[in-house]
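I am attaching a structure below and will ask some questions about it afterwards.
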Amino acid sequence: MGKYGTIARLHELLTTRQISCAELAKKYLDAIETDNGRLNAYVKATPETALAAAEKVDAKIAAGRPIAPLEGIPMTLKDNISTAGIETTCCSKILKGYVPIYDATVWSLLKRQNAVLLGKTNMDEFAMGSTCETSRFGGAKNPHDTGRVAGGSSGGVAAAVGGNLAAYGLGSDTGGSIRQPASFCGIVGFKPTYGAVSRYGLVAFASSFDQIGPITQSVEDAALVYDAISAYDEMDSTSSGRKEPALPSLGNDIRGKKIGIAREYFDGVREDVNGAIRKALDVFRSLGAETVELSMPSLKYSLPVYYILACAEASSNLGRYDGIRYGYQTAHYTDRNDMVCKTRSEGFGAEVKRRILLGTYVLSAGYYDAYYKKAQNLRGTIVRAFENAFQKCDLMLAPTVPMTAFASGRTAKDPVETYLTDICTVPVNIAGLPGISVPCGTGADGMPVGLQLIGPKFSEAAVLNAANRYELAARESSFKAVKAGVSL
Amino acid sequence: MVTHEDVLKIANLAKLSVAPEELDGLTKDMNEIIAFADTVSAASADVSDFDNINGLSNVFREDVPVPSYRREDILKNAESSEDGYFLVRRRR
Amino acid sequence: MNYELVCGLETHVELATKTKIFCSCTTEFGAEPNTHCCPVCIGLPGTLPKLNKAVVEYAVTAGLATHCEINPDAKMDRKNYVYPDLPKAYQISEYDQPLCRNGYVELASGKKIRLTRIHIEEDAGKLVHERGNTLIDYNRGGVPLIEIVSEPDIRSIGEAAEYVEQLQAIMRYIGVSDCKMQEGSLRCDVNVSVRPQGSDRLGTRTEIKNMNSFSHMTKAIQYEMDRQIDLLESGEDVVQETRRYNEETGCTEGMRGKEDANDYRYFRDPDLVAIRVTDDMVAALKAKMPEGPQKRLARFQTEYGLPEADARLLIDRRRIADYFEAAAKGTKNPRTVANCILGPIFSRLDSDAAKDEFRVSVSPENLNALVGLLDAGKIRKNLVKSTLEKMLDTGKPAAAFLSEKDLAGVNPDDLRKICEQAAADNPNAVKDYRGGKEKALKAVLGAVMKMTRGRANPQEAEKILTQIMKA
């Protein structure tokens, strides 16, 4: 696909009638047939849905009517975004066979623009994991090296977009689940401000952290998709509504902008990753940005705070899977209580069960104050630390992940060690801030490295603009091409 | 230290059954995760009553009915239903 | 030893909103199972709650009517427990920041039963047990409730019943609930303990769940009191537990098993935002609040001159009190209006349910017009009742049954002729009267009234008859 199968380029191909929308959709569906076995990005393909939308778009084009930027663009949704009539299982056995009867708000917004849904993509079970390997279907593979993980939890979306099996996708980010796999797969992952995008229809993991966002091939695409999904939603009480569209501000000068570097973000970061980030900083300086050194000691509590609070919320959110109204039910039981316990024990995987148990523990009588309440107050402390930091700078820059994508099959030996990979991504979720991961070259192993830009609440336009400035300035050196999927 | 008994109690609250052969491993995992979580107890927070990340208030819905869903859709995903009810059979 | 009852109540009242607390499904009672449901109220994955504004308004109004402090900074919490009637495995409720606190309800004796709190929460679905199978209907799931928690200030079964009646009257009055115990829109959990008379220590209490009728409640408290006294008398301890009232045996029984897992793991619901009740909101709700039953009772006696017993019967139901006030508007004869309601109208509403409904074919305006004729002297009092009966039979206004002759009364010449005729028809009475028996005149007067079908002015007729009979 030339060099990049970006949304803008596909839109141009469609409007100049170089390819019909149906042909385009078929190319992607064919590529999924061929390459998904290798990447394990999709857990369900939806060719009828895709082709039906594509035909509508072709009819519009044939009638000479203009099409919107996202119309007819082949895309994917993480398997935790509800799609009426299409199985949505969070890659968990417990939701096996569950077919939603309503659409997530983000999906109805995109559907209205005739988005071409190619299928639902792989993820860690209930978004709990950093490798995609807790999925009932096994992990998604990294398109740069299929011996390595695509990352998680939105590993399937990242593998699909990184492997040219979709132009873009929507993932969800609770502790880094959009940015981390985007970083591992060498593409762009954007987590908006908490409340900027409706959560209605996103199967909840941790309600006060979860946020839907785009995974794309370019920052411009991320802005385009963000603008399309960030409408105020009546159905979500925590929906704030977008303050300003991001796309029009791309191209603004970043001269004189202050970029904060908190030293805590660089503790334990692998040397080659650190090197790639430092090089990226030079690019920012060359664009006229200034850097400001910061210290945020409370960041060291981010991981335990995140795991306590997210697991507490998850333990409550996942209580509803009892085998009665939807999803899996155990085959044999002695009474109702036994049915519920067996259904849950057989339906949930090991990592999900561990987190439910931890969450139950930290909320239970006698432990609430020591864990849950304490963690809430530390969350407040971290929120305040970011507020103070943004007094001194406009944006912050950090690695997305302290390492590059690691080899498959390493997960779950040691849960705590796996948790540590989230160290640079969770603070953004704790404080409800917008954060983006942009490719910034490769590590010593040749695998992509991502840099993370973080802004104050509702500064998505500024975050996307700075990322876009960097991407354009560093493009040749920051991206690594992939031989997989559709080529046009 | 979390004991076998604690794990069983928590599992009962969470409606998860723990097979005897899982108990050792799970208790070990739990202890490791809780030791990790314990780092917060030593920390000092300069905020004392934080519990709301969205910072919003008074987001309400008007009291106006809209038609409910069709019952066949409501029951569609259930393992069993009978006479319009969700059904849990006594045993299976 | 003499023991006294120490009792507090948790009363769940279903609010009279049109829609559920977190979704737009109707709250109507009595529909086919699972027909008032949507993805939100059956807890489908990914759904989110959105708080119904009317729920907050009703709850604050309930708090104001029971002298509560209104919490300016309330929030919603999750109460986690797994049970099939609870589709999300948690109930959204209020834990440590309820909307209303520190109120009271005053009994007729002047004693105040203190209220600890009033909070809002969602109702659960309904389970039907059949041959060991469980059938679930979520129509009631998500119907808004207020839970009204009293302090243990109640000292007798009579006080307990009066407290609930008062709550019922208040809630109906301010329109926040119809409080129909038979439909479950008012349910009580009763905390019962006993202690030696005069002691100020609290005994161990038990909680009797889900009382849905007055008679069950009073029987259950009596049984539980007796049971606890027996235990104490025989030197045993009362065990703190939750009990259920068995309607068939009239006994309370321990609910084993449900207890062992009661650790609700409350925490703030992250899907909902803060509720900030401003002074302006409170002022607006206060201004909209109807007068409470106690005030109205006093006013009906002073303003309309009604006897207390009659006033009580009228204010018992707000609908009836409102009807009375509309019908009595501007009249000189409010007691006649009251008698019309308590007589002919009530005799057609023979059950409590019928009185609750208060379906009357005569509008208060038509009753007001009928009494207006009396005020204007156009009809006699004794014609009011018979005309009202006809109006109730047909739903037509008074004018339909009163001829011009009725409305005009009887002219004086005609009246004299009729009186003469009546005297002639009753020679014995005339003789008795002339012999000194003054009462005999009444018999002749009765005949006159009969002949004029009540249209004659009895004072006028009496005057004429006196002249005739003395002659």
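So that you can tell them apart, the chains are marked A, B and C in the order they are listed, and the count of residues begins at 1 in each.
Convention: contacts are C-beta pairs under 8 Å (C-beta built on N, C-alpha and C of every residue); 3 or more make two chains touch, one makes a residue touch a chain.
Here the structure is a predicted model, which is why all the values come from computation and not from measurement.
Participant: Select the chain at the greatest separation from subunit A, using centres from the mean of Cα atoms.
Facilitator: C
Participant: Quick one: most central chain, C-alpha centroids?
Facilitator: Central chain is B.
Participant: Could you let me know which interface, A-B or A-C, is made of more C-beta pairs in contact?
Facilitator: Of A-C and A-B, more C-beta pairs in contact link A-B.
Participant: Roughly how far is subunit B from subunit C, centre to centre by C-alpha average, rounded to an integer in Å?
Facilitator: 40
Participant: Rounded to a whole Å, what is the gap between the Cα centroids of subunit A and subunit C?
Facilitator: 56
Participant: State, to the nearest whole Å, the distance from the C-alpha centre of subunit A to the C-alpha centre of subunit B.
Facilitator: The separation of the two C-alpha centroids amounts to 23 Å.
Participant: For subunit A, what residues touch not just one other chain but two or more?
Facilitator: Expected reply: 98, 101, 208, 234, 237-238, 315, 319, 322, 324-326, 336, 340, 360, 364.
Participant: Name the residues of subunit C that each touch 2 or more other chains.
Facilitator: Subunit C, residues with two or more chain partners: 39, 42, 50-51, 82, 84, 134, 136, 263, 265, 270, 272-273.
Participant: Of all the residues in subunit B, which ones touch at least 2 other chains?
Facilitator: Each of 13, 15, 51, 53-54, 56, 59, 61, 69, 74, 86, 88, 90-91 in subunit B touches at least two other chains.
Participant: Residues of subunit C touching subunit B in their complex?
Facilitator: Those in contact with subunit B are residues 17-19, 24-26, 32-39, 42, 50-56, 75, 82, 84, 128, 131-138, 260-261, 263, 265, 268, 270, 272-276.
Participant: Help me check something: in the complex, which residues belonging to subunit A touch subunit B?
Facilitator: 97-99, 101, 194-195, 208, 234, 237-238, 240, 298, 301, 303-305, 307-308, 315, 319, 322-327, 329-342, 344-345, 348, 353-354, 356-358, 360-362, 364, 370-371, 374-381, 383-384, 414-416, 419, 431-432
Participant: Show me the residue ranges of subunit A that touch subunit C in the complex, using the header's touch definition.
Facilitator: 80-82, 88, 90, 95, 98, 100-102, 104, 199-204, 206-208, 234-238, 312-313, 315-316, 319-320, 322, 324-326, 336, 340, 360, 363-365, 368, 372
Participant: Which residues of subunit C touch subunit A once you look at their complex with the stated criterion?
Facilitator: It comes out as residues 39, 42-51, 78, 80, 82, 84, 87-90, 134, 136, 263, 265-267, 270-273.
Participant: Show which residues of subunit B lie in contact with subunit C when the two form their complex.
Facilitator: Within the complex, subunit B touches subunit C at residues 12-13, 15, 51-54, 56-66, 68-69, 71, 74-75, 82-91.
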